[in-house]
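Residue numbering begins at 1 within each chain, and the chains themselves are lettered A, B, C and D in the order written.
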Amino acid sequence: MNQHYGKLFEVQLAGESHGSGVGCIVQGCPAGMPLAESDIQAELDKRRPGQKLTTTRNEKDQVQIKSGVFQGKTTGAPILLWIDNEDVQSASYEKLKETPRPGHADMTASAKYGGYNDYRGSGPFSARLTAALVAAGAIARKLLAMQGVEILGHVQQLHGIRTDVTDAQIRDYAYQSAVRCADPKIEKKFQDELQSALKAGDSLGAVIECRVNGLPVGVGEPRAQSVESVIAANVLAIPAAKGVEFGSGFASAALLGSQNNDAYEEKNGKVVTRTNHSGGVLGGITNGMPLVFRVAFKPTSSIAKTQITLNTKSHKQTELNVAGRHDPCVALRAVPIVEAAAALALADLMLQAQKIPKVLK
Amino acid sequence: MNQHYGKLFEVQLAGESHGSGVGCIVQGCPAGMPLAESDIQAELDKRRPGQKLTTTRNEKDQVQIKSGVFQGKTTGAPILLWIDNEDVQSASYEKLKETPRPGHADMTASAKYGGYNDYRGSGPFSARLTAALVAAGAIARKLLAMQGVEILGHVQQLHGIRTDVTDAQIRDYAYQSAVRCADPKIEKKFQDELQSALKAGDSLGAVIECRVNGLPVGVGEPRAQSVESVIAANVLAIPAAKGVEFGSGFASAALLGSQNNDAYEEKNGKVVTRTNHSGGVLGGITNGMPLVFRVAFKPTSSIAKTQITLNTKSHKQTELNVAGRHDPCVALRAVPIVEAAAALALADLMLQAQKIPKVLK
Amino acid sequence: MNQHYGKLFEVQLAGESHGSGVGCIVQGCPAGMPLAESDIQAELDKRRPGQKLTTTRNEKDQVQIKSGVFQGKTTGAPILLWIDNEDVQSASYEKLKETPRPGHADMTASAKYGGYNDYRGSGPFSARLTAALVAAGAIARKLLAMQGVEILGHVQQLHGIRTDVTDAQIRDYAYQSAVRCADPKIEKKFQDELQSALKAGDSLGAVIECRVNGLPVGVGEPRAQSVESVIAANVLAIPAAKGVEFGSGFASAALLGSQNNDAYEEKNGKVVTRTNHSGGVLGGITNGMPLVFRVAFKPTSSIAKTQITLNTKSHKQTELNVAGRHDPCVALRAVPIVEAAAALALADLMLQAQKIPKVLK
Amino acid sequence: MNQHYGKLFEVQLAGESHGSGVGCIVQGCPAGMPLAESDIQAELDKRRPGQKLTTTRNEKDQVQIKSGVFQGKTTGAPILLWIDNEDVQSASYEKLKETPRPGHADMTASAKYGGYNDYRGSGPFSARLTAALVAAGAIARKLLAMQGVEILGHVQQLHGIRTDVTDAQIRDYAYQSAVRCADPKIEKKFQDELQSALKAGDSLGAVIECRVNGLPVGVGEPRAQSVESVIAANVLAIPAAKGVEFGSGFASAALLGSQNNDAYEEKNGKVVTRTNHSGGVLGGITNGMPLVFRVAFKPTSSIAKTQITLNTKSHKQTELNVAGRHDPCVALRAVPIVEAAAALALADLMLQAQKIPKVLK
């Protein structure tokens, strides 16, 4: 299990779905940044279950800052964050030991850890851990905001339905919408789709788009620490994420060079590109245009529908009904998680590029 | 510039397109593995230019093993590989200093490195560096092959044309085909498409698919070192790569959970899944099914067609004709590069999971 | 502040002297190891203040395992440990803001972190953090013990007095002795020395020796991860440690090669050396002989005696009386800390050398 | 074998004593630094054998810069340095396969690498590799010099003889002296001592002292990346180094706190300490005073005298005469190596503390 992210802005996660809680230690945050639990809570509330259309698990996700902050400001020392688990019902998971749920880590985790893994709700594999990631991301996000960087995520596509929205729409609407849809005209369609999936005991995949404005030119250490590499590694560590693309991404495979190249021009004394097929990154380095990427999420693996699996003890095929509380579409709660994963990557790369000082004034 | 890959199987690249050569140091290869320059040369020859439909730059790419091998076997010490540049024509690049080429790293590199970057052919940003990556990957590949792991890459999609092939077809045909097309019936269409692009002074995007067979269950350190995270970071460090997906990837966003979940069954005493939408990875860990991923490559940025750019000195819009030797589709040469990037990731993760011993017998 | 140790057996510390507590996350511990809070508590009790001759700060240092253990065994997931601070009296430190204490990090921390550092008892610089290190070390230690590795520390030298003891004496006596002296005949002298220092309002330096038995041949990754390099880095991160030596160490500078070289011989079918001037390490790799190293600790910086310092606001020389609770010799409590630092280094190197499996049976 | 140093200023070494040469890749050097082969050669010449009283192996150690420098300046890309081996006589080492030399890595390397290690002159374990370290260090050193940092090394103690010198003496005399003795009055004694050792077919240990002037306050990331930890790890990776101490080091173990604490005062508007027992580091962070440390070197393991060892094939005790060319005291050539190890550590920590910009003007 490797839950350590970053080189200069480092995050180490810990915790389990059905243990005492989840938490993390953030190392490398510059000193002098104002930080309160409420800053972090605001981000956590964006991914909190207990909303309609997401799992019925009901937790306050109250974060505690246990170190690294003194007199309201970061000290430069590691910041330990902790969130207690409150609403734990583990009984329902006991029977899963021998019948691995399709799409989950049950089988692979058991094989890898010799059966010693905490299998309750997949333990450390649970999306519950992303609460700690979002908490850490809230710190990165605040740090970036102080440098004028804005991160905007939304559900761009749900099942077959795709939206096409402006930054302003994302800002105004995405988090107002229970389904994280930034287009009020499409939102109802998202909800209908989710209701039918729920009714059918099924789940839906989705694509989250994330746009980052205000990044300076020159962020990203080409090749292994390219903007794309670091963001991709972070977002693909989110449960259920199965693909990532930057700018035109997979669509660029069907384009001509003359279509895909972004012509340079000058605007208000700043070098910009007319189009943004590159998604704001050239040679692994930000070019000053908005950074744009999309993450594909598979449908929630836990579905109410009866499924076929193998009983690994009896070696016989068996029917499986996954009890418990599950989202019809994991991506709905994943918007702040993707934003957090991006924030962690970018805070790290900004520090690597010395675009953020070690002491903030 | 961060050209360091891996945690236990480490690669540090160096070199420039128009300098004395390119090379790397591989650290962490177990002792006792037979290794000759010819093993590496075989892989290098797969990406060598000088073939029809790729750049006319003509180099032998002769690799030298400068350390780490003794009496025909690896010693456990770092292996330094070096490839001299032979066919360097840098004159044509001089004028690019003030007129950054669209789609290239010219502008971002100049901004990041204060104008001190080697701008000839983009220097260290050049795809030339991937020769060193392929050389390092050849070592990883041999190490994996000794554990029964097979890596199969091919151009699955060129511009709008997509193939659907079997492993056997990739094995037999992909590297026989000048356009890395594993389907003999489609190959001609690929070539026609490339010829028209060349004639139009344009270039094409493509998708490379890579399949890895024979991986044991349990490879991948969940979250930050998940199979998806590490492979994604490596392949997105390849010039022109703009997206990556695993298994059903972006298509899974349009699927129902009941469609996308892979049911378990037992076959010949082994736990397998009936379908492979997961692409062989669950919870970041291999499940014993073939690992399948795809990488989107944008069209070659250098095109013969006249383009618009900015003269960064005069601050005026200007026309740009990129001279030099360029591929109509970078992805054609990228097949062994993607395979190498995957091999490096997997050799590293196999060592992390202790699936490869430190001394080979 | 970099409180991250290790490559495969990783520890990330957090916490402050006068904050809510101290803790850590341990990542990389193999799955299947029995682990209870009592295992860790046993080590913590060895460094606990509240004993005669150490600081009068009185805390139970009760450790909580918050993650990574399920049904009494490690799961392979990160282990979060937390210890609440109980007996915090921070008022006495307020005045130190402007008058840095000689020998402490007050001045350097304030300069480095722009005055945002938690200056109460030096915050994260405090030896209090070593409770978290010892807690993490307890896990490493148990892991090593399962491989037959034994770690023996004691105060070899106090001020001018030096002992010369056997392994058996250390085993039987070091932790029985309040002054960690393994020689019952010398113990009284240690105590007298400490009493006079206390009476004089002064403090004493010391040397801790650590011996590690049972290490297999072949541990240590030569050069940057040599046994000496990794242990030295860990022990010199302990507050007040100012030197480290292996085997004959500094004394070997005054020896001839013919005196210092250890002749090989065979004993019970095992290759051993007649002497052990190397301290069990050759070329950075263990040779199967006992690993022996010594760590020099400066006298406690906090002394009751009036000292001279600078008032950094008034720029005037001033007298300073350091209130608070302080040990006459930090090294007395540092024995289990040095042992923990060594255990962390060796667990990491054993994993790097694949001498410990990823799943324990 | 781990020959990778540093976090932001990274060095990866490669090569063997009796292979084609030694080299390294330096990653993370800021762009815009003037760098010529002559800059590096100057440092290499300081450790070059072929001087009286050091080994008779005679090589020019001509360094080649193969990448990362363009138009006389660093580009920000990795810098590959290579030095060919010229004077290789490996025949004399063949018989060592079965009779490990006392004090060398022969036995441990063979055990660790399953007998696949290059045993000729200990291959990658050879002090020959330090040529690559010195070459890399030359780059770090130039970078530091541009920030006003000066590094001064000398042999402070040879066998039983100790010197006590000023910075000026080191500057003027250490590298003028064939025995790296900064005190002209003591130099003759050093030489006599070495001559007797040579005549006796024996070797001598020594202590190298290193002083670093001009470091700003605030360098060092406390605990795992403390100034002491990083320097210690680097210098203990040098063959034959067996101990390191900072400031008063081991002597402080015999001091009182009131003696060892350095009182603060102000001098020319700068906070300084009256004494420098701390060696310029408090809490792992530089305090602006000279950084002072000492490294203990054991006597050269290769001696002309007949030694006893084990024939590992026949399992019988045997006499061993080590042929080849050897220094009577390794430390004589180690002065620039220790300086290089310190330079690498400090360049890295200066970058971590953002005390060196990413682009130099």
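FYI, a contact is a pair of C-beta atoms (placed from the backbone, for glycine too) under 8 Å apart; a residue touches a chain by one contact, two chains touch by 3 or more.
Note that the structure is predicted; figures quoted are calculated from it, not measured.
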Contact-richer chain pair [B-D vs A-D]: B-D
Label of the chain whose CA centroid is most distant from the centroid of chain C: B
Rounded Å distance, chain B centre to chain D centre (Cα mean): 39
Inter-chain centre distance, chain A versus chain B - centres from mean C-alpha coordinates, in Å: 27
Computed distance of Cα centres, chain D from chain A, in Å: 46
Residues of chain B touching at least two other chains: 1-4, 13, 112, 124, 353
Chain B to chain D touching residues, read off their complex: 1-4, 10, 12-16, 19-25, 27, 31-32, 66-68, 70, 73-80, 82, 112-114, 116-118, 120, 123-124, 359, 361
Chain B contact footprint on chain C (complex, rising order): 7-8, 352-354, 357-358
Footprint of chain D on chain C - complex, ascending: 1-5, 13, 100, 102-105, 107-109, 111-112, 122, 124-125, 129, 157, 159-160, 197, 200, 202-207, 217-218, 220-226, 228-230, 232-234, 236-237, 239, 241-250, 252-266, 271, 273, 277-279, 282-287, 296-303, 305, 307-310, 312, 315, 317, 353
